[in-house]
Structure formats: structure tokens, C-alpha cells
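Look for subunit A in each of the two complexes below; its partner is subunit B in the first and subunit C in the second.
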Partner chain A sequence: MTNLEKLNRIFCEVFNVEESALDSGFDKCNIEGWDSVRQLSLSTAVEDEFDIMLDAEDILEFTSYDNVNRILAKYEIEL
Partner chain B sequence: MFLDLDKKPKDKVAAIDDSGASLTYGEICGFISRFTHALPQRSLFFIFAENKIGSLLGYVGALSSSVVPLVISAKTEKTLYETLRDKYSPAYLWAPNEMLPGLGGEITDFSEAGYTLVKTGLQSPALYEDLALLLPTSGSTGSPKLVRHSYRNIEANAFNVLRLFGLTENEHPMAVLPMHYTMGLSVISSHLLAGATLILSGRSLLDKGFWQMMREHRVTSFTGVPYSYELLSKLRFFRMDLPDLYTITQGGGKMTEELFKAYADYAEQKGKRFIATYGQTECTARMAYLPAELATTKTCSIGIAEPGGQLSIIDKDGRETFEGEAEGEMVYRGENVTLGYATCAEDLLKGDENYGVMHTGDLARRDADGCYFIIGRLKRFLKIYGLRIGLDEVEQMVKAEFNTDCHCKGDDEKLIVLVTDARLKEVLPAFIEGKTHLFHQRVEVHVVKEIMRNETGKVIDQ
Partner chain C sequence: MAFFEVKNVRIAGMAAGVPEKVVCNLEIENISNDYDAAAFVEVTGVKERRFDELTVSDLAVPAVERLLHDLGWSKDEIEGLFVVTQHGDYIVPATSCIMQDVLGFTKECMAMDISLGCSGWVYGLSSVASLMSNGMLKKCLLVSGDARRRVEFEDPLFGYAATVTALEYHEGNTGFKFHFGTDGSGYDAIIIPDGGARNQISASSFVPQQVEGRFYTPLQSRMKGMDVFSFGISIVPKSVKKLAEQFGFDYLSYDYLVLHQANMKMNNMIAKKLKFEPSKVPSSMWNFGNTSSASIPLTIVTQLKDSCEKHSVNLLCCGFGVGLSWGTVAFNLDHIVISSLVEVNQKCRSQWV
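After this line comes the complex of A and B, so read on.
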């Protein structure tokens, strides 16, 4: 599985959506229920999957699909 | 007046919310006098609560004017709101302006801080003279069962909590627990009684704005549920520089031993205080607390009764004791023990059914020093993320929707649902989340051939 596929699977499982829903509009404002529980599940799943330790500031930025993509680049995870 | 609000300095700030708006004690009193003229006394009144100044005004306005509010989340599912409305028949609603189009009823011109009064056209039911406040038993989740509070309950809780924490007008508490949740309201009422400045926030702890508010308003105390503390650890809270934060306090369920120790040690090292507490909606929030100086030695203890209250244990032989080592159901006595439940409008006329004594339904152990530890639960509910999930209620919901046999169990980590229809494995987590707000990954569905029962119909543990 590619890194992008791994990331998409995490999103689909946490938000209970199809992969086709994941685009630049997939963010905290548009997705109902993007609360702290989901945000932390997302960041924890990403940490486990890619074996990284996110900074607190980055966890606070886990507020959109695009942001997560961008943050992963910072940790040298190529998507 | 309610919480002696009229005795505080008029220009002292009582609350600041996420929008940056602030409200003084003088403005609260001015609003209360307008509110009193806008609504007839002993009306039933629903508040669609958010942690905002408008919502706070509706609450203090009602409590000061002999109007009885039911406080529910502004995010309450529409069908649950309609069930509550049809069951209890409120004459008025107090709702955020953006909700008005969907509510029906007559929108009045009485409006303040983004909230507006709506006249439903329904007639309030008859209300018991000392009935002050109604809260759902389970936060924003499924059940229309309510807890009936008296005026004395609220005042007693506010005063007990004020004494427990030694609150003064210099506090700037972070009021981030929802207002429709008993502990959220307790933070609000105890600090208003103290004449302090509430920092009201509806933000998530994972929102940058939340941390800006913590620093900008020099927050002095934080009240959270176990899950809040899990989140804080993830955010490397122990390394944050928060010099004004003096009190961190926890309620709404049991923390893990590891987490409890971490916060107790952190507080000790940094010269702060960590205070674990215990409470229930049925007792107007708080009932017990572990004094800060015992935090590092009595790990996971809920401590002793709060000032003004008394704890005891009834052991398996039915013997009640107030001191010495014991194990059994924990019982609480105090003026904050609520009047009882309501399940229909007629119940709102009922008086006090508890007489100041609450059998908590929690199993506790008391050590030789008199400290209590919760070790189990007699009642059928789980507490996950501070949400109370009634197992019987979830079973009924699932049975009603899907025509399957169903049994629920679990622990405070996850809800386990046993069903006989294999097709439900995929859909149930999302369905249960929709009804109860419990995150679907904390729901585990097990498909079984049959839900086994004994001859009396009771489910056999399986």
C-alpha cells in the first residue's frame, strides 16, 4: 500500500466516508463532527501508521485533509 | 437574588466568550430585570445552550425570574428536541439566532447577545413551586429523562464548590465543559457566586484559539473530564508555560492510574494543585473531592465528601457505615441531592422524592483514612468521553430501528453491542453515533446466533 493509500484509509475509517469524499474541501468547517475526538483519533492513527511523533502545534493543525498532507511532508513522509 | 448577583461590583466582568464579547455583573442585573418583564413566572423554558454569553444570560435570567429552564445542547438532534417539546410542552424557547428559522413558533423581539426568545404557542405544564432547573440525564445523548433540581440544590452546590476550591473574585476559570452538562453548569454557578470572571469557550482543546484564550485571559483554573486530560497529555501539556494556571480539576469519570499520577506529580512539581472530584447530575454535579495535598498518595481516589455533604457505604449485608474500611454501594447526603427524575410533564409537579439521600449506584471502597475509591457500578450505563451512555436506551433504540434482538455491555473505553442480524455490523456504529454522539470507533458490534437469557428473561453474560 502506498503512503497516500494508507493516509486515505485512515481518513475513511475515522470519518466513515468513501475515498472520493477526500478533497480540498474536506475540512473542519465542512465536515460535521470534526471534533476533538476525531481530530485526536486521526492524529494518533497517523502517528502509529507512519511511526512519527507529531508536535503539539501540528496536532492543532490537523483541521483539513490538505493540512494533514502538508504536515506529513514536514515529517518527510512522501505521499 | 440568585447567587447574590446583585451584590457584586457592577462594573466587574462576569464573563468573556469566544467572540471576545464581555459581560459585567451590572449588565447581568439589567438583563434580569428586562427578562422578568418579558416572561410570566413559572413558565417552562428550553435553552439551546452553547458556551456563550447569550446562553449564560438565558440561564441566569430564568433562575432569577422563577422561570424554569431545561438546558439542552444547541446541537441536540432535531427528533430528540421534538420529543422533549411534545413531552414537556415549553411555552418559550431561548435559542441562538441562527437556529430560529428551523424552530417554528413566534419569534419575539426580546433578544440579547445573539439569542432570541421564541413563543411556542404551547401552554406550560403546572410546575412544583420549588422546581428550578431541568437537565437531561445524559448530556446531549438520547434519553428524554430529566433530573429535577430545586433552587436550594443549585445554591447549595455553588456554595459547596466555592468552599471546596476556596474560590474568590480573582479567579478566571476556563468554562469549557458544556453548559447543558451538570459539571459545566457547576463551574459557572460556583464562580458567579464568587464574583469571578468566567472564560466561556465552546472551542475544542485541539483548537489553537482555545490556547490563545488560555494565555490572553490568564486562566487560573481548568476543569476537565478524563478524556480532556488524555488530550492535554497528547498536546505535551506538561511542558507548556501557563504561569497563571493554578488549579486543574477533574470529574466525570475515572482517570487511568498512569494519567492520574502524571497530573498529581506535575502539579506538585510546578506548585499547582490537582483536585480530582466525583459527582452526578442527580446531585447537582459535585459530591466528593480529593484534597490537593493527597493527590500524590491516594492515586485514583475520589477523596472525601465535599463541604456540606456526607458519604457512607452500604455493604453487602445491608449495613451502613460512615468511617473505617468498607466496601459496597456509596451513598451521599446533602442539600445538593436533587428532587428526582421526570419522564413526563405531569412529573414536573412532583415534590422532593429523594429527601436529601442519594444511592449513587457506584460501588466504592473506603480506606482506613476515610478516602473513597470507585471500584464498579451497579447501574447499567457507561461513561465514555464524559458522555453517559445508557445501555438499556441504546438497546431500545437499536431494537426499534432494526427489528433485531440486541444486548449492550462494555466498559468506559468502548460500547459492545451484541446483535443477531449480521447485516448490522457495518451500519450500527454510525447509527449509534448519530443518536448518542458517541464516536463510532468506540462502538464494537458482535454478531451472535442468539442472545441468551435465563428463565426470568435476564441476559446471561456471554
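After this line comes the complex of A and C, so read on.
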């Protein structure tokens, strides 16, 4: 499984959506139920999957699919 | 800058009272419309919490009784009773006044409530210690805790607890070093909107509104989760570092960092930022949840009993949350008395009500 597939699987499980829903419009403003528990759940799953420790400031930026892609690049996770 | 030091006062003992009834979050169906109970427990770190039809004084009175017995203190000696709570037995009068009578303390005992939440134990400690430091008051009790039962509401994050901290005048004691701060611009990050003087109770107070995937009436406490997360992970490390810089000590040399038990993810982040080893950052969240102003002393009572009874330990404690308000304190506990956890049920309560 590629890193992108791993990331998409996490999003699908956390938000209970199909992979086709994951695009640049998939963000906190557009997705109902993107609350603090889900945001922290998403960040925890990403940390576990890619074996990284996110900085707190990055967790606060986990507010869209695009942001998460961008943040993972900082941790040298190639998608 | 709100830094200050209070000398000549020591903590002699601590105790905690919690409901006997245990609620397991994993057994709650429909914890949210959007995620299951396991996800909630994983993120918050709250697996169990204590909950019952009991008030803060119901929980505190037996804890006080046990602690006084364990310390060998007479009720006649208690000159001050201070209660930190935001969910007192009544809106009026103060819970401390009720407890003075129920506990049989002398009428020469001063009694006062302090309305603060997560930062409340540190604020209460500073207030009581300051009043005692000139030696006029010799023995006082600080009760802190919340039982959020003003309206029917069961939030899986919060548990009920009340703690008691016994303070005594002790000339020459190094006492406590404090740092405090407030950011009232975040007053609505954690709020009960209705039922105070600003928004009186009306029919709309009973209408549920959706907040972060869950439904709350305006009489129930709601929280802007990520705002509070952001506040906690930024302000707590700064407050600890400022206190250490002001008083010239190495905070990493302290034996334990005891944080308000807000959320496991947040507290892990704070410990990481401060480079504290996880083993030096005890937690009671798993079994008791977020217990507001009780969470720091409850963590000491339940997780550090042996260390504090058998050794001299240096503690750094930081309370932070609703207000927004925060306070950090550095102090030593030297062979203090820690009573075993007091578990309260409604039958116990009927003995004094």
C-alpha cells in the first residue's frame, strides 16, 4: 500500500466517507462533524501509521485534506 | 506579571471523594453522531469516570472527615474552609458555609467559595496560603471540585470529584512559588450560556443546539475543543518556563509535573514540549475523566500517594482552562498524609443530610 493509499484509508475511516470524496474541498468548513475529537483522532491515526510525532502547531492545522498532505511533506512522508 | 511566593505554609495532607458509581465510556452507545466510543476514549484518554446524584459537598464532607482523622486534627482547630467550585450545592448560598455547619466546625471558622474551574486548585492554594503566611491562621482546608449536576447532563469527558487539601502554618517552610494568567477574550471557549444574570433561564434554554457533533442545551456546559487545545498546548509550557525563569530553578529537576487532566492528547503534547519524561507526568484521566478543579489534587491522591507519604518530592502543577485562566505552582511535599480514596454513594450521603 502506498503512503497516499494509507492516508486516504485513514481519512475514510475517521470521517466514514468514500475515497472519491477526498479532494481539495474536503475541509473543516465543508465536512459536518469535523470536531476536535475527530481532528485529534485523525492526527493520532496519522502519527501511528507513519511513525511520526506531530508538532502541536501542525495538529492545529489538520483542518483539511490538502493541509494534511502539505504537513506530511514536512515530515518527509512522500505521498 | 502575576508572580509571587508564599512562605511559612505547608500542605499537611490531601484526600479525595468520588462517587462509588463507575461509568465506562466504552459502554455508551451513540456517544456522538460522528464517531464511536472507542475513538472518543482513544483521543481523550477518558475510559471511566465517576458519576452519581451527588453534589460537591456530598463528595467533600466524607473526604474532609477522613483526612482530619488521618491527620489527627481536631475540628475545633480549623480556622478557614475554602471551597473552589463552579457547581456548588446552590447558586446561593456558598457551599463552604453549608459545609462549615455539616462538618461541625466552630462558628469562628471563616468560610468562602471561589468560582474557578480547571485552574481553581492553584488559585485556591495561593489564596489560602497567602492568608496563612503571617501565622494568624494556623490550620485551613481547601476543598476543590465539581459535580456538574445543575441540569440533567452526562458529558463523557467529565467526572465528579471533590478533593481536600489541608494547609498548616509552618515557620521557615519554603512554601509555594506561583505564576498566574488570564485571557478573558476566550470566555466562551468553555461556557454554560444560560442560567446566569446575563441570559436568564427561558423556554429556549431547554432547546438543544448542535455543538461539535453533540447536542447541548444552553444550560449545559459546551466547549470549543480545538480552541481549548490550542490554548493549553501554548500557554502551559510558557507558564512553567516563566515560573522557572522568575525564581531561577531548573523545572526538569522537579520530580513530577502534575497537569490539569484536560485531555490525554493535550497533556502528552505539553509534556513533550517541556521535555518531561512521561513517567514524571502522572495521569488520573483514564479512571476519573476531567474533574475540573479537583483534577490536580485527585491525581496526586490517586497516583502519587506512596511517593508523597514516604519521601520528600518536588512538584510542579499547572491548572488551565475555563476563563480562560491558568496558574502554575512549584512546591515541596514532605512526608504528607494522603488518605485513601473515599468512595461515596447516596446511602453515605443520607447520613448527614
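Some observations on this one:
The working rule: the second predicted complex is superposed on the first by the 79 of 79 C-alpha atoms of A that agree within 3 Å, B and C clash if a C-alpha of one lies under 4 Å from a C-alpha of the other, contacts with A are read in each partner's own complex, and residues count from 1 in each chain.
We take it that contacts are C-beta pairs under 8 Å (C-beta built on N, C-alpha and C of every residue); 3 or more make two chains touch, one makes a residue touch a chain.
Please read all numbers here as calculations on a predicted model, not as lab measurements.
Contacts of A:37 after superposition on the shared chain: both subunit B and subunit C are touched. Within the superposed three-chain model, A:53 lies in touch with subunit C and out of touch with subunit B [touch as defined at top].
Shared contact residues of subunit A with subunit B and subunit C: 14, 16, 33, 35-41, 43-44, 56, 59-60. Residues 32-35, 39-40, 42-44, 212-213, 224-226, 228-230, 233-234, 263, 265, 269, 272-273 of subunit C are the ones touching subunit A in the complex. Within the complex formed with subunit B, the residues of subunit A that make contact are 13-14, 16, 33, 35-41, 43-44, 55-56, 59-62. Of all residues in subunit A, only 14, 16, 32-33, 35-41, 43-44, 53, 56, 59-60 touch subunit C in the complex they form.
On the subunit B side of its complex with subunit A, the touching residues are 204-208, 211, 227, 230-231, 234-236, 385, 429-430, 433, 439-441.
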